[in-house]
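See structure below.
Letters A, B, C and D mark the chains in the order given here, with residues in each chain numbered from 1 onward.
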Amino acid sequence: MSEVFTLTPEPDTLIYTFGGNPAVLRVPAGSIIEIETEDCFGGKVRSVQDLPSAVCDLAHLNPVTGPIHVEGAQPGDVLAVHLAQIRPRRDWAVSSTFPHFGALTGTGTTAMLHEALEERVWMYEIDHDAGTCRYQARGSDFSVDLPLDPFHGTIGVAPAAGERMMSVTPAAHGGNMDTPETRSGTTVYLPVHEEGAMLAIGDGHCRQGEGEVCGTAVEAAMATTIVVDVIKNATIAWPRLQDDTYLMSTGSTKPLEDAYRVSQRDMVGWVAQLTGLDLLDALQLVSQAGLAPTGNVVDTNYTMVAKMPSSLLGGVDIFDGVHERLRDLGRSYLQHR
Amino acid sequence: MSEVFTLTPEPDTLIYTFGGNPAVLRVPAGSIIEIETEDCFGGKVRSVQDLPSAVCDLAHLNPVTGPIHVEGAQPGDVLAVHLAQIRPRRDWAVSSTFPHFGALTGTGTTAMLHEALEERVWMYEIDHDAGTCRYQARGSDFSVDLPLDPFHGTIGVAPAAGERMMSVTPAAHGGNMDTPETRSGTTVYLPVHEEGAMLAIGDGHCRQGEGEVCGTAVEAAMATTIVVDVIKNATIAWPRLQDDTYLMSTGSTKPLEDAYRVSQRDMVGWVAQLTGLDLLDALQLVSQAGLAPTGNVVDTNYTMVAKMPSSLLGGVDIFDGVHERLRDLGRSYLQHR
Amino acid sequence: MSEVFTLTPEPDTLIYTFGGNPAVLRVPAGSIIEIETEDCFGGKVRSVQDLPSAVCDLAHLNPVTGPIHVEGAQPGDVLAVHLAQIRPRRDWAVSSTFPHFGALTGTGTTAMLHEALEERVWMYEIDHDAGTCRYQARGSDFSVDLPLDPFHGTIGVAPAAGERMMSVTPAAHGGNMDTPETRSGTTVYLPVHEEGAMLAIGDGHCRQGEGEVCGTAVEAAMATTIVVDVIKNATIAWPRLQDDTYLMSTGSTKPLEDAYRVSQRDMVGWVAQLTGLDLLDALQLVSQAGLAPTGNVVDTNYTMVAKMPSSLLGGVDIFDGVHERLRDLGRSYLQHR
Amino acid sequence: MSEVFTLTPEPDTLIYTFGGNPAVLRVPAGSIIEIETEDCFGGKVRSVQDLPSAVCDLAHLNPVTGPIHVEGAQPGDVLAVHLAQIRPRRDWAVSSTFPHFGALTGTGTTAMLHEALEERVWMYEIDHDAGTCRYQARGSDFSVDLPLDPFHGTIGVAPAAGERMMSVTPAAHGGNMDTPETRSGTTVYLPVHEEGAMLAIGDGHCRQGEGEVCGTAVEAAMATTIVVDVIKNATIAWPRLQDDTYLMSTGSTKPLEDAYRVSQRDMVGWVAQLTGLDLLDALQLVSQAGLAPTGNVVDTNYTMVAKMPSSLLGGVDIFDGVHERLRDLGRSYLQHR
């Protein structure tokens, strides 16, 4: 039986970095945690008149809930976080452009002489029963219902080497990877760098295209159920993901081909380790059977994901079945809640 | 009624560049063409002992079949090429590493001091009935059947500005994009830069992972049925694709984020044009609903694909229905062949 | 005694690609050639009212003079081109911004949603006696004299593999490298890919900052004296340069770090070959003593230059002294002209 | 009269991050500080047998001395640090390759399948009187004296947003920029993000080629004299530099073209501000007169430098003459010491 914990942050307990924050919750490995998260704007953008650059405190964007100290997690271990359920907490969500942020605009680092593009807000109505959110154009009557596919853009632990990173940065500790793969049903594996791992989660998205090209997703406050566990003796260098169909490796760096390289190199090594193939044989299998969807091309690092169908690997043991175990724990809990 | 043509190249009529070659076939718009293509190694790698760098003429890699002059195609038009059927012509296919080529090795342009990785060949048995090709590890007994998903890595026309490009290069004229999206059932839209467009096709792949990380796919000679048409008054800057579900834009350049930018920028403009949305409203819709799979991260340019479900756009007219028309022509022909 | 040739192009003999053009002059190795070149705008931008996008034919930008067939140059050889003297042919020069071209603007490949920056022309007065060209601001009275430092932005030969490339592209064949290092006094080494090498030169710059950040230099028509020679049995992969002080390697590709890698890798190999050092010892020496100025960050490929003081290499023999020999030939000719 | 302080760290007071460390010294603005720094290996590599990966604690590379609290420095101010004198403290220095680190090797982020290159150490003898350090090849008798040109690879302040960054990272706070421009005689301008600025310095280099291609310079412990001051009401976004000849802007990010863009964009803005030119006129002047040497292409961010001759700007006032004032204070102090 898992213990169940609840973590509902107050505005003043939200945090904005990975690393450097005291734990707000301490749980044993194997616990179920009900978490509430605020949206990336801190809930302050509530109509198309609320321009983020005007209503938000720019030093306090992308709040995350945590950190959670998972007992027994030691540097060199792997933290497994199963995302059992992610539900929008409101009946609306929001997206926007933001000055000098996004893939198709000059930015602080892709520095140019252009003025910023127009800052514009889009409000999305959520139909929980239909499982949709409604895109409504600002400049015309065009609207269309898009399927809900909720995920957390930001999930991570304390970074290595005593670093403390803004919550908007994705890197080896996880963070703001902004890949739709961190959805309900996925288990996230994170490298532990600090005692207790110090997990934090936020930046809920009702859905998002691959790459998050305008810079923001369909941003929403979330009520999320996770199940956490600690995997001993299983070092990883970058976050990995697993769902019922795929193994996934991530890479978050620049340029984008290096993010691709990191994710593919990690997947090749993982496949080799699981199957006993040598590295070149694993490279060949990944080359022909792997997927490579874009995570984000807008954040301080870009994220790519490498996906391999686990069915092709011949019944291998993946982290001792932790994904299936946490998934079943989560399902059982949600059914009886 | 479409006319039907056949194009079966002899070894000495295969070509190795886009641009600069005389037409080997001249067809009216609306024609069906049965094409045979050779594999990227010119058919010379037939066992695991045949190392490509030893058995191939390095100045003659990646042969393509063509060019085909499509009557009526003028600079500024769009050539539509529907890939009705792509079938491997042999019961085997081949993949390999190649010295200093691939995403996880130093190359001629990502120049490093490392010796080349081992050059290794993998032979794939094709089971046409089962629709699979068999991966067989070289260093162990591990094997697994992978689904056939045949496509052409290379499809393009004569480039702009009188340029003549190696067939291994993907760019605005198409070429070696190496995206699995150019599979059976897809219509490829190419910008016409020269009278007759001068279409050429090759580099058949039984299947490929996204990014083609080792540098080659499951390479095979193909028997392919295409249907071609000319779209007047419809300028495009980069190749676009369409299947029954998705609109797709491509970008082929370096670094990979610029390939992403090109493909997304093109899709945003296309969606705006089709729906009447302004550019920012189109950007928002693409940001939340688009996919961004990797094409290749190994060729002289890298390729990214932007995909939008056409169902979200509200019954818009896409190039006057040419995809559906060519698809139906191809189906009808194949059923009665 | 060298033979002396003159090459003065007419507007209709200027060319716009490397590769694919018949020779307009045929000279023996060892010849001196007096060449005239037109500016990158074809001489059509003559006042601040002449916006390039309005007055130029966009399919005919960056004209080059040539190609020159150098007798005896065979694929696998090296062509040595000593730039003995480069002089502006007029008393004015011109620079401009150009829509969606430059390092600090969205471009066709760094694709963005911004409107183009303002297109603006700057005219420079040349004072031949003082050796200066005068920058005059458009929006104020600010002006300043800048030293003349004439060079050719574009110098190259026919590319490998039968390719034909726009003159605005720098790559392994040379082309539009836009590095100030190709100034008077420098010998340029180019890999020969086609019989006669097929040398062409253009894009004279009165001076240029490193990177050519706005997209154009102080553009001028030039009267240039070169001395050419053929080096047998001396294969190079990328253009190299030599002046009285430095050996230089170039790399032209994207992203910019790959251009850096190409140029540094080539220099490490060159130093190893000249000194007998192994590659790691050569790497160490280049790491501590080399310079790495930017060539261009605006063209279809970016260019970086690796520079090593030849004095540090201990009196090594560099291409059998061809630089000194051609330099002295050129000086002697110019003194007696 | 300036106060003079001394800061000689003990091994256990060296730090390894910017941000998150308590001040070890507190000084008024205008102070002179004598600082000692340890080399990037913590002084542990003392012979060619001492492989860094074996003798160093990998969590404690690149120690820096500090942080120094400069009184009166408030967020939004600029800290000016004049490097009056930088002298090697020993008669030897050291360089090395390091596994999977450098520009011409696969790394943790340019991830590849290659084994690491050989780890090799080079010891340099320093001749203080001659002003040289001697390169000695490991695989042959080749040796050559290289001029001493001492600088600090790492100089920075506490980062913005409460971040805490490894000392090996260069970014907007300064840090490990590894540009030879931070030599004796240069004034470094750093943006203040935290009260007191929290300056730290380390990573002394006897000299270095541009780009630091092998990953390390001629590494040495240094005795350094700095003069610090606080500039109120003068916000900067990225570190800037000034010596008697040049204004310099820096950019540290990836890919390398973005580092170039950041540095050039900053320089264009700075020139516009100083001269009253509008941005396009400033862009034009920088385009024709600026230099763009490479800083580093090996660290977690790459660094480019934009240089403009201050003489071209017409006697403008640069931060109220702080460079000249601190330079003269330093000279006067050193003459009378």
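Definition applied: a residue touches a chain if its C-beta (ideal position, glycine included) is under 8 Å from a C-beta of that chain, and two chains touch if they have at least 3 such contacts.
Keep in mind the model is a prediction, meaning the values are calculated, not measured.
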item: Between A-B and B-D, the pair with more C-beta contacts; value: A-B
item: Farthest chain relative to chain A (centres taken as mean CA coordinates); value: C
item: Gap in Å, rounded to a whole number, between the CA centres of chain B and chain A; value: 33
item: Intercentroid distance (Cα basis), chain D paired with chain A, Å; value: 35
item: Euclidean distance of C-alpha centroids - chain B vs chain D, Å; value: 48
item: Sites on chain A at which at least two other chains make contact; value: 104, 110-113, 117, 254-255, 257, 261, 264-265, 268, 280, 283
item: Residues of chain A that touch chain C when the two form their complex; value: 104-106, 110-115, 117, 255, 257
item: Touching residues on chain D, where the partner in the complex is chain A; value: 16-17, 19-20, 59, 108-113, 161-166, 237, 251, 253-255, 258, 261-262, 264-266, 268, 279-280, 283
item: In the complex, chain C residues that touch chain D; value: 95, 97, 103-104, 117-118, 120, 122, 135, 137-140, 142, 144, 146, 207-218, 254-257, 260-261, 264-265, 268, 275-278, 280-281, 283-294, 297, 302, 304, 312-314
